[in-house]
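Each chain gets a letter, A, B, C, D, E and F, in the order it is written, and its residues are counted from 1.
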Amino acid sequence: MTNQAIIPWEERPAGSSEVMWRYSANPVIGRYQIPSSNSIFNSAVVPFEDGFAGVFRCDNKAVQMNIFAGFSKDGINWDINHEPIEMVPGNTDMIESDYKYDPRVTFIEDRYWVTWCNGYHGPTIGIAYTFDFKTFHQCENAFLPFNRNGVLFPEKINGRYAMLSRPSDNGHTPFGDIYISYSPDMKYWGEHRCVMKVAPFEDSAWQCTKIGAGSVPIKTDEGWLEFYHGVINTCNGFRYSMGAALLDLEDPSKVLYRTQPYLLAPAEMNELTGDVPNVIFPCAALSDGEKVAVYYGAADTVVGMAFGYQEEIIDFIKKNSLSV
Amino acid sequence: MTNQAIIPWEERPAGSSEVMWRYSANPVIGRYQIPSSNSIFNSAVVPFEDGFAGVFRCDNKAVQMNIFAGFSKDGINWDINHEPIEMVPGNTDMIESDYKYDPRVTFIEDRYWVTWCNGYHGPTIGIAYTFDFKTFHQCENAFLPFNRNGVLFPEKINGRYAMLSRPSDNGHTPFGDIYISYSPDMKYWGEHRCVMKVAPFEDSAWQCTKIGAGSVPIKTDEGWLEFYHGVINTCNGFRYSMGAALLDLEDPSKVLYRTQPYLLAPAEMNELTGDVPNVIFPCAALSDGEKVAVYYGAADTVVGMAFGYQEEIIDFIKKNSLSV
Amino acid sequence: MTNQAIIPWEERPAGSSEVMWRYSANPVIGRYQIPSSNSIFNSAVVPFEDGFAGVFRCDNKAVQMNIFAGFSKDGINWDINHEPIEMVPGNTDMIESDYKYDPRVTFIEDRYWVTWCNGYHGPTIGIAYTFDFKTFHQCENAFLPFNRNGVLFPEKINGRYAMLSRPSDNGHTPFGDIYISYSPDMKYWGEHRCVMKVAPFEDSAWQCTKIGAGSVPIKTDEGWLEFYHGVINTCNGFRYSMGAALLDLEDPSKVLYRTQPYLLAPAEMNELTGDVPNVIFPCAALSDGEKVAVYYGAADTVVGMAFGYQEEIIDFIKKNSLSV
Amino acid sequence: MTNQAIIPWEERPAGSSEVMWRYSANPVIGRYQIPSSNSIFNSAVVPFEDGFAGVFRCDNKAVQMNIFAGFSKDGINWDINHEPIEMVPGNTDMIESDYKYDPRVTFIEDRYWVTWCNGYHGPTIGIAYTFDFKTFHQCENAFLPFNRNGVLFPEKINGRYAMLSRPSDNGHTPFGDIYISYSPDMKYWGEHRCVMKVAPFEDSAWQCTKIGAGSVPIKTDEGWLEFYHGVINTCNGFRYSMGAALLDLEDPSKVLYRTQPYLLAPAEMNELTGDVPNVIFPCAALSDGEKVAVYYGAADTVVGMAFGYQEEIIDFIKKNSLSV
Amino acid sequence: MTNQAIIPWEERPAGSSEVMWRYSANPVIGRYQIPSSNSIFNSAVVPFEDGFAGVFRCDNKAVQMNIFAGFSKDGINWDINHEPIEMVPGNTDMIESDYKYDPRVTFIEDRYWVTWCNGYHGPTIGIAYTFDFKTFHQCENAFLPFNRNGVLFPEKINGRYAMLSRPSDNGHTPFGDIYISYSPDMKYWGEHRCVMKVAPFEDSAWQCTKIGAGSVPIKTDEGWLEFYHGVINTCNGFRYSMGAALLDLEDPSKVLYRTQPYLLAPAEMNELTGDVPNVIFPCAALSDGEKVAVYYGAADTVVGMAFGYQEEIIDFIKKNSLSV
Amino acid sequence: MTNQAIIPWEERPAGSSEVMWRYSANPVIGRYQIPSSNSIFNSAVVPFEDGFAGVFRCDNKAVQMNIFAGFSKDGINWDINHEPIEMVPGNTDMIESDYKYDPRVTFIEDRYWVTWCNGYHGPTIGIAYTFDFKTFHQCENAFLPFNRNGVLFPEKINGRYAMLSRPSDNGHTPFGDIYISYSPDMKYWGEHRCVMKVAPFEDSAWQCTKIGAGSVPIKTDEGWLEFYHGVINTCNGFRYSMGAALLDLEDPSKVLYRTQPYLLAPAEMNELTGDVPNVIFPCAALSDGEKVAVYYGAADTVVGMAFGYQEEIIDFIKKNSLSV
């Protein structure tokens, strides 16, 4: 993986004291950016060659959910393919999918791995690898249904691949915690452990209904930096916000710190209105070790970005941590 | 029926490739257009004399639902009566209504027929006729409760009146398909047949929860052109979009083609926000054989319009059809 | 209709002061009375030739619901056919049924009419006629779905066929009132009126959740005598009991009297336990003008009988009436 | 209580015929007005010294709910403390609270009383008094859980303190009526009476799901003037609007008049969008006998104001009253 | 209160090692013991004159719920009045009741106090006193709705009356904990404290859904001995069992010990079947200091009894206590 | 595995034509068979030494769910340990369990494997092995929660262990299909495939709500013979019945045949009443190649047995198969 691209960035607005702030030109990707799309959101990007590649959730105007490859020089202006990714068999011949959504992407060792919510008699975690974002090799689904928000760590841990995920049900699941699972081979998974549960309502209501892993974790000296979403069930529906956690580098099932306040919650018009109002849903984070750029789905309709300094973010998490 | 009025029209915006496009001055009818109204939406219009007449759903500020007559020269600027329609007995003395909403209007043979959702121990389909939009003769309800979205065909089929409708339950029904029923006399109804069911989630999610007839069908060489609404149940509520179908001219219980993608879905601020966010609900379509103007309720608050060329619409339906 | 058969009867037990009492040898029909059956219940009988004929709900061991003809000399010992009724077209070619259950039978003018809950994209009311209980001619479904408990009056009223029914939803409907509809021809139905609604909890809780017509009404000097079921929703499920009403002879949408106390409620072991515990569900009543024999489904598993003197029953209804 | 401050006011907009109208610079308090806040809404104000004091619901960015004191010279520009109110024991040592929200404030005899929704194994009504808005003395909770919207009358009635409240359940309660209770000592409460119930859907749907007391009642010659909220359950969630009632001065459990139409319903963008869309939730009203200024939470996010002439409002209530 | 009557008793069956055992002739009161009754259950008894008096829940055959006085010499053979208790005003004129059910009775100082679930716009706790079980003086309801299972302590505690109760909702409440409240005068209530909450599923599932006070507490050297019910929500409904707790004599909001295993759970046919299967619901306990006789409703249909030695019961509670 | 024990057996009753019939002395294990038990049900047995061993679900009187070893010479008279199984670490140190229930047992190669529903933040599949039914070595949970009814095949298939299971949710799951998963090492699992889904209501309603694997599959020439349970959701709760399927020997994700009618459904009093009425839940089957003895939980309270001839059962499945 070449990582020479300069990550997209915009300075903290004058007068702001927020630890993370939005891109002033949000949304970076509009709902109709490709001809067939009804909405483009909950998408993932990764450094690629001299720029960036990404896997994008584009729901078409039949509201069929699928994932599309895209490319960018600067991480902000994107060329998204007009046709969805076609899979070829990787370690399985079973590449059936009723739908694909909410992708994440990471580079491990020699290739890029994509995970997504894969429709196989209900939502579960699909896995594929690619070397070039042209040919994608689909592997066995990681788990039995019903699962969402499968996120791989960017390197093996104790010799095994590691994945965060959220067991769920077959509808608009009203509960959900984050687990970790391990695999020697990206085919068989086990050693499942509970990592983080929802917070008590009185301690941190924005994450009291369900939580789910967001970005591929960023390795830092202080632990794995993971941006995740939390949900509160208001009388008028779910509200999705973004927080972050630091997981132990050796044993990432251990949460070292976890934000009690959110880092970002729906407040801009493109987050408050759209196909699903009041959603901020992070799926990717770029870091150059100093700066961090987070990509998040807004209102299940468009893609927004937010920025922050990694050291400040880590400091904030540690100083504003829920007891974990 | 004189049909000399020129239907309201606005050309496709430059650069647009959409098969249907919105009126640039939406909403055409605002929520407070009559003094008592909280909202005006889900309303129907028809050519009348040298212009147009309509029946409008105006919820007043007690949020009582009722239907009001209105008139327009151009189909865009409307004078809506300040008092609701008072019914006189037609083929029944039972003209009780707890509420009236979501009217449709059509001309058959010698008079205008209005159907609406009529509150009689729950929602069912009310029927009335008028010659002048001043005196309305209420007839027997078509069906037992619970039913909504009763839409008459504009002519008899095989000698019988024909009506599309959606059996429902007594609340915010989370299911619903379109049926057809026939009547020799607008009093007794039977020969009920299922016409269209919701689509599988993975094929066309915008219409996977419930569907309902919208406009009075337009007779074309390719079949009855019917604009209908479809609903998806998101985690934050129902989202209503508009599609269209072509029904067999001889046996309209047969669907010839039906849009897999929607034609119009909530995306403008007056569709995304309002008393019920994320609703586009067509109730009428004017056609001069070449051009089509659709009236739809937006966010259960105002009335919007959209336009398209009939031939292009038909072509789109045929080329983008769900397998039916 | 010859009506010479002596109706089944057993005297009131010594010491009892109940207005209606159970047959001492209940159940009269056991769950396994035909080889294929899982359960036989909610069934209807009628005088036929020199004895009785009936239409029986027999769920087979795949728990498929269907209706079967049967015959008896005495109304107690029944020969039920081992094969379900096969329909031939009556006034329709559409004789599709996903399932058939809960039949009622009555003789009108020259033939026997059967109504039942017919599966056509959900439950609605199927209609058929027979002259001999061998050949059954299926007619158009009376209504759009969703409806259950369709019960014909045994003669035309003001020249039209009349049917009681209960609009419902597509599941274990938690509400339900009794309506009447009329038809000139057993094909088209209209003039729908609400007849009886559930009772307030504090007045008569056994019928506060839903009610439904049971037996074909019996014509008496005091009005149409109708046995119906009422349901209370306990914390452990629905409990079905039996009451009765007197409807106006000329306008049966008018309730003259209606039992505040039940006439029969689940209390015997074959009513308290079975496939659906705590159900008494009347579907037929035989009367010779003096004595009445009611057939009811018990626990959705077997058929029970109860007896009473018609005059006493009418007297009881009038003296123990809900304000209607 | 000194009451010399001039209440905030803005004249009715030209051309408007509304009985109450919004402040043109709404919201008066923004969501981020104090550093920790996610939202500030559902808050109460009262004349204090030569200006105004208030108790504000500020949810912090962990979405913990708490109440904060604030001060203003003009009722529009507010200094809200950055730290929540710390209670000291009043007539109880039990000052535990899982959360505090939706405060109301009134002056009785010699001190200011605050009531709020207090988290004690679920929501119930907390009570505290203060002389200076610096030290707050917490008293016994008025009721067992589950209760919300506790509002004190501004003087004793027949020698006892009087409180309106709404019994509820432990979630997003889908029902709710207004009751009154009395106390000799602000410690023990009794003589509970039902005051107002939800309206029938067909009469006044905006208040058909639940209602709750809003402002501290204003004493007028025509009765206690109470601004309250009403809720309708749309297919996309609860919509909260504002109405008003006149309660009998001597026996405020008697409703004299009550608005059938709402006085204010969500229509502005800051009411239609926010953490909970479509909410207008009044918690306080200032009156100088001539003019009235109402403070309401908008979309569970910010505070808005509306104005009206007291005489016109009373006249409107009387002329547009539900039968009560 | 004279307490000379010998409490009903039957020795532990041979071979049994149960700490409490059933009466061999259960049910002691059958469902039809008075002419009007559908069921008699959840009833309370107390020593009275030279025998016992009781207040019985008798649902009539309209399934109207009411309470009836009854008398017995031996506590087993009961004469229950055929007419329900008629109240006269005690400390209130508001003696309206939509229904009355689940009474408890105790003697305090100079009179007998009855509490019950009183229908006043939903369930709340009714209170009355009597000297003779002939004239009953109804007092103010203790609480706002919604509440059930109000149980008085048999003496004042620190000079105030004390009552256990369970806040609930307006349906088949799926949650519920036990609280205590105090009153100086049986009119105003306050100082509400949570006493006992449901147990974690994995610790004691029979009491994991809701719990409620049963008998009037028995004063012992080891604390107040309280028999209560616990509920588990199985896939086929609620199952009610009986446990017991010891509460601190001085401060009964403190639980000293509480049974982890149940003392009695539905297992006999009259507990497993009936109007509501699988219910054991204790409402009274007689103690002579050595022996204890518990009266419980079985299957919401009849009354059963169980016996035990007080010392053994207390010992069992202490040795088998949940951590509290 | 020695398999010399003669399997328990009782001949088909005279006059019966059932393919499977109940043991005449059911239940074989009563609810109180060990001192601590509230109920013993859903238990598994296997040939062991010169008789049989088993793992039994015994819920204690705190209704804590755990599994216990037991032994029998004849498969009918059982000695069940009074203490639950204590696990030692197998291939994991994580042997935490909130509860254990519904065990299955099979012998593979050199040891006995037990699977059960293991409480780890919700239900999932626990695995352990034993050589002697004294020491049990707990392994990694097979899956993430939420899962139930994990059943191992009695030999490796294509070199991998194979397990049937049912993904579910965290409550009384109202859906559920049977999947198969494979493992090279009893630690990591993958290659998940859907095997059998619920049947359409109209084809086989007893298995239309959810299905789950029951017994360890029996290898036969015609395929793997699997006894499973199916559930219908009646208005009064779930009813569990037993059917059987034949799975392809080489690829058991292929269903060859599957019973449309049930083989056994609740009809005896110990199946109709108990802690959960109307449950037959098979967990084990013994076969000597000719005869089959099935153990099933009855009403979540006791253990029953049923018998049949293997060839007849296979023949019945093939002749009465759902189209699969």
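In this section, a contact is a pair of C-beta atoms (placed from the backbone, for glycine too) under 8 Å apart; a residue touches a chain by one contact, two chains touch by 3 or more.
Quick caveat: nothing in here was measured; it's all calculated off a predicted structure.
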Rotation angle (°) superposing Cα atoms of chain A on chain E, nearest 5: 180
Most distant chain from chain D by Cα centroid: F
Whole-Å gap separating chain C and chain D, where each centre is the average of the chain's CA atoms: 54
Rounded Å distance, chain D centre to chain E centre (Cα mean): 39
Residue list for chain F, restricted to those that touch at least two other chains: 236-237, 273, 277-278
Chain contact topology (line, ring, star, complete or other): other
Pairwise chain contacts under the document criterion: A-B, A-D, A-F, B-C, B-D, C-E, C-F, D-E, E-F
Residue ranges of chain D in contact with chain E within the complex: 92, 94, 120-122, 124, 140-147, 165, 167, 169-170, 175, 177, 179, 181-185, 187-194, 197
Chain A-facing residues of chain B, complex: 17, 201-206, 232-237, 239, 260-262, 265-267, 269, 272-273, 277-278
Parts of chain F lying in touch with chain E, wherever the complex brings them together: 31, 35, 38, 59-65, 98-99, 119, 172, 236-238, 273-278, 300
